[in-house]
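In what comes next, chain A is part of two complexes: it sits with chain B in the first one and with chain C in the second one.
The block that comes next holds the complex of A and B.
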């Protein structure tokens, strides 16, 4: 009895997980592709086959392209800022000081806090008439801003929230990378009288390049997929000025219940994320082998 | 030289302070605002020193079935984590030991793809099966992100456990499945704790799935707080009290397991 179990262990052990994956994940993915080729209305049995019509419709739609460019803008800004900030945090934590473990835990809290809840706090802080952020701007002599109510500032403001959430993630991975660097190049540079600044750009950054690549790609994947904070804070507004691809896809499929066209948008959006992740898999092969 | 060292130290601690303020302030502001009266929370310039009131918390619990929202969130998260661990642990083990790369790739892609990629069909199927507005259906859907999370955190962990320990158990007459249960699992307790906590947090925080698949009987905490914004005229004190109620258990849990947290958060990302 145990002999049979042992012999078939490599199949039996992953079987429940594989069945769940097939039912909850693979089947829905295939079904999404299938629905995207139909004009699909809830409650009706027969659906008209439209082939690639929805894809053509999306690619000819200005609102789709607007969402695509905003996604790109949001992602580039968020990735650049969160990786830069994460690097500063990692360099700080890589030094020995009392309370370092507590500082690290404090930095991790935004990463685990409920996005819907923290989005509300940011809404309160962004509030033009009673928000603490305008008060801070006033303290340093800057004019008040309307933050997420301004179509030009809504994306940078949302990026601020995303950076607050996910710079700690960049920090974690970069810190692990920093700790794995050998000490000897730094010691000899020190003897040669190099400054910290020189050592950072000439030694740390080049040696961290593989880890940096992983962080950049991972942050890209996460930034492309931001939904909660945008939906809660602006729902894509004002107008469409913060409607990213994720929000656009949600609106089409679940707000307007145009499941066929919505699915096509979802497939296009998913393809973008999948392309970013394939970059990661290639990079990972180079880093860890 | 020593003047340079002093200025270096000042710069270091100043940066640390600014960073800590930036990352802790919003959470602090949430808690502070939750204890303010409606007049104080709307005051400008902001009030920093005030007599704390519990009125907002009392209102949140009196005007809404908030305990049932807490119960819904807990039931969904506990069920999803339990099933996720039961199915994910053995799968992660064979993934690590038998190098099942195809399966690993599958769960990696599922973990990376956006949740909405699965939700149109799930919405259609749930509607026809009557699973919309059911806690069981919601918990089942959470496996879409819980299962890959468990598998990726644990596969990395199992890989670091030396094979010799299992082989010793095999020589002593243990079966492979027995060695997994009696040797590998007990050694993996920190990893399992990390995987369980991270999945619990992911499920507790999840908003999109309940937004699409939920109904009036499955209102979880993120959904409850979100609907406060859209349906009531904004009562900031009450909102911050509700936000505090959601966040406190997560923060407490994270502090409790802070030893494992950093490892767990990075493990799935960098290893494997």
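The block that comes next holds the complex of A and C.
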């Protein structure tokens, strides 16, 4: 009797957790897939099965491709800048100097703040007539900008907010990586007369590569699915100039109440995020071999 | 035809209901306490009328024994919340603020409104003091949608009005603007005369949000959203292009920078801080500008009815374009519709109407407009502006033959933004019209 129980314990104990995970993750996913194949739009009666029709509609839609391009643009810009800035901050904080613990805490502050609250503050700072950013530009003799009200500048402006928010995250992981590096390669390089720049490119970066990839994976996923910052500051505007895929899907489902099509867009978007993650994970596997 | 029949029957029905009430037989007998102990939840926009209504909740609770939880939210959040809760099938949202022109068609077809018509007609459920026939006839007509009354109007629907700074107009020797040309000339004079310190005018530019204010300009310039007879999209015309370009260029040349992101909160902020000489927007904002704690221009603001353009005579006398009530609605999913109706009728009574008017709103009830306190308290220029405006029917915020108005407004909003940026408005307008026509075609194919 106990033997049977023992044999089933490995299944029995994780079962509740597995069921919960299935209920919370698999069911919504399956349901989203299911309604993405239906015409399910409020205000119209009947749910007809349309199969892959919504996917074809999305792939033929200019607004969808505009949103896809903006998602990519935002992600590349935000990941590159936040990781570069995070690296600079990590290098600074990796040295011991007076007040270093204080500086570390200060650098981390943006990361712990609530995105919606800080986005509201950024929105005020971006205001062309009343915001502090134009005042700062004026101080250094630059002409004022309309920031998020200019279709060409809205994405870079939003990237600024995202980078401010997430560079500390990159810094945190990179700093941990830097701390774990052995000292001997640096010492021998110094004896051989290498410059700081050479040491950074030839020793630090290659040795840090596994950690860098982890940061890149996290930052890419975060940047791809950014929602709160854009929603609060511009809601996708002016016009559709900052409408990323996530905002596009949200608008379809909850603003236009076209749940079938909105679900199809979300499924496509999930596929993009999953593909990006897989690519990075592959790359990581290669580095670690 | 059938609609017209229903309308007549309905009017006759309410008239007889009111007749009964006037007899006074039931006046003393009305039972406010039949739902004592109920708890209602309300979601509205944070704006002056909601604040007036919320201030009366304590009295309501004392009268009825019903407690009310009231959430007031900024515009985008309020709209999303009402939609998301209904989509999720939530039954504990009982009453919400709703604008029929913007979302009513979808809401009604989805069963998210409870029909108030049978409630109004039932003397057991409706206090005689509610007096449905006291509402302005145009307001009552506008509240009727597909034979039902989904929303109890809380204001007289009106075109936006022109707010202008009397002190600046006097300083520059300008007259109160009557036409859109006057507006443009005044904007130029003041913007240049103050060395660009005061913007000539502030207007909404945030895509979809701008279309409701822009609509009268479109029609005044000879454009139109749709062909009234067929419902087909009709705004890809040179006249419509003129209107879009007028809106975009006046903002680009004399308006605040970044107008493409300005919703009503931004433009009223700019105007109330004295940064703009004119504002063309909803009449309800008089409450903000007249309050010295919220506005630096209190006492300096003048009012004018929507200025006219070359084609104003052609449409301003038309009968209602579509149902256009704005006010509290009882959720079709609520489990406490009768208790909710007690709240809605209480908050839609002559007391709210009068307080609203005294704060500068357009009361939906006829009795309020002639109330001696109101006539004494209000600026005659404002009363005249209100009276003229309430007599004009809005042409709708977007092509009303389209059910998915939110989508249509986003599409048209893109053209508003293009016009403000000084881009290729002609191409954008053609594209918007094509997209709306396609949307309409798809909807018509599905509705069968």
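Rule of thumb we're sticking to: the second predicted complex is superposed on the first by the 257 of 289 C-alpha atoms of A that agree within 3 Å, B and C clash if a C-alpha of one lies under 4 Å from a C-alpha of the other, contacts with A are read in each partner's own complex, and residues count from 1 in each chain.
Everything that follows uses one rule, which is that a contact is a pair of C-beta atoms (placed from the backbone, for glycine too) under 8 Å apart; a residue touches a chain by one contact, two chains touch by 3 or more.
Note that the structure is predicted; figures quoted are calculated from it, not measured.
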Task = State whether chain B or chain C is in contact with more residues of chain A in the superposed arrangement.
result = B
Which of chain B and chain C A:254 touches, first, second, both or neither = both
Key: Touched partner set for A:142, first chain B, second chain C, both or neither   = neither
Inquiry  = Going by the contact rule set out at the top, does A:205 touch chain B (first), chain C (second), both, or neither?
reply    = neither
Inquiry  = Output check: A:84 vs chain B and chain C. Expected answer is one of first, second, both, neither. What do you get?
reply    = neither
Ask   = Now for A:228: first (chain B), second (chain C), both, or neither, which partner does it touch?
value = first
Ask   = Now for A:129: first (chain B), second (chain C), both, or neither, which partner does it touch?
value = both
Inquiry  = For A:29, using the defined touch cut-off, is the partner it touches chain B, chain C, both, or neither? Pick first, second, both or neither.
reply    = first
Request  = Give one of first, second, both or neither to describe whether A:76 is in contact with chain B, with chain C, with both, or with none.
outcome  = neither
Request  = Return first, second, both or neither, reflecting whether A:190 touches chain B, chain C, both chains, or no partner chain.
outcome  = neither
Intersection of the chain A residues that touch chain B with those that touch chain C = 42, 129, 254, 259
Key: Residue ranges of chain A touching chain C (in the complex, touch as defined)   = 39, 41-45, 127-129, 144, 146-151, 234-235, 237-241, 251, 254-259
Remark   = Listed in rising order, chain B residues that touch chain A in their complex are 8, 12, 15-16, 19-20, 22-24, 26-27, 29-30, 33, 41-46, 86-88, 90-91, 93-95, 98, 100, 103, 105-110, 112-125, 127, 140-141, 143-144, 147, 151, 175-178, 180, 201, 204-205, 207-208, 211-212, 221-222, 225-226, 229, 236, 239-240, 242-244, 246-247, 250-251, 254-255, 258, 261-262, 265-266, 269-271
Note = chain B partner, complex, touching residues on chain A are 2-3, 5-6, 9-10, 12-14, 16-18, 20-21, 24-29, 31-32, 35, 42, 88-89, 92, 95, 97, 101, 103-118, 120-125, 129-130, 132, 135, 164, 168-169, 172-173, 176, 196, 214, 218, 221, 224-225, 227-228, 231-232, 246, 249-250, 253-254, 259, 262-263, 266-267, 269-270, 273-274, 277, 280-281, 288
Key: chain C - residues contacting chain A, complex   = 76, 80, 83-84, 87, 105-106, 109-110, 205-207, 256-261, 270, 275, 403-404, 406-407, 410, 413-414, 417-418, 420-421, 443, 446-447
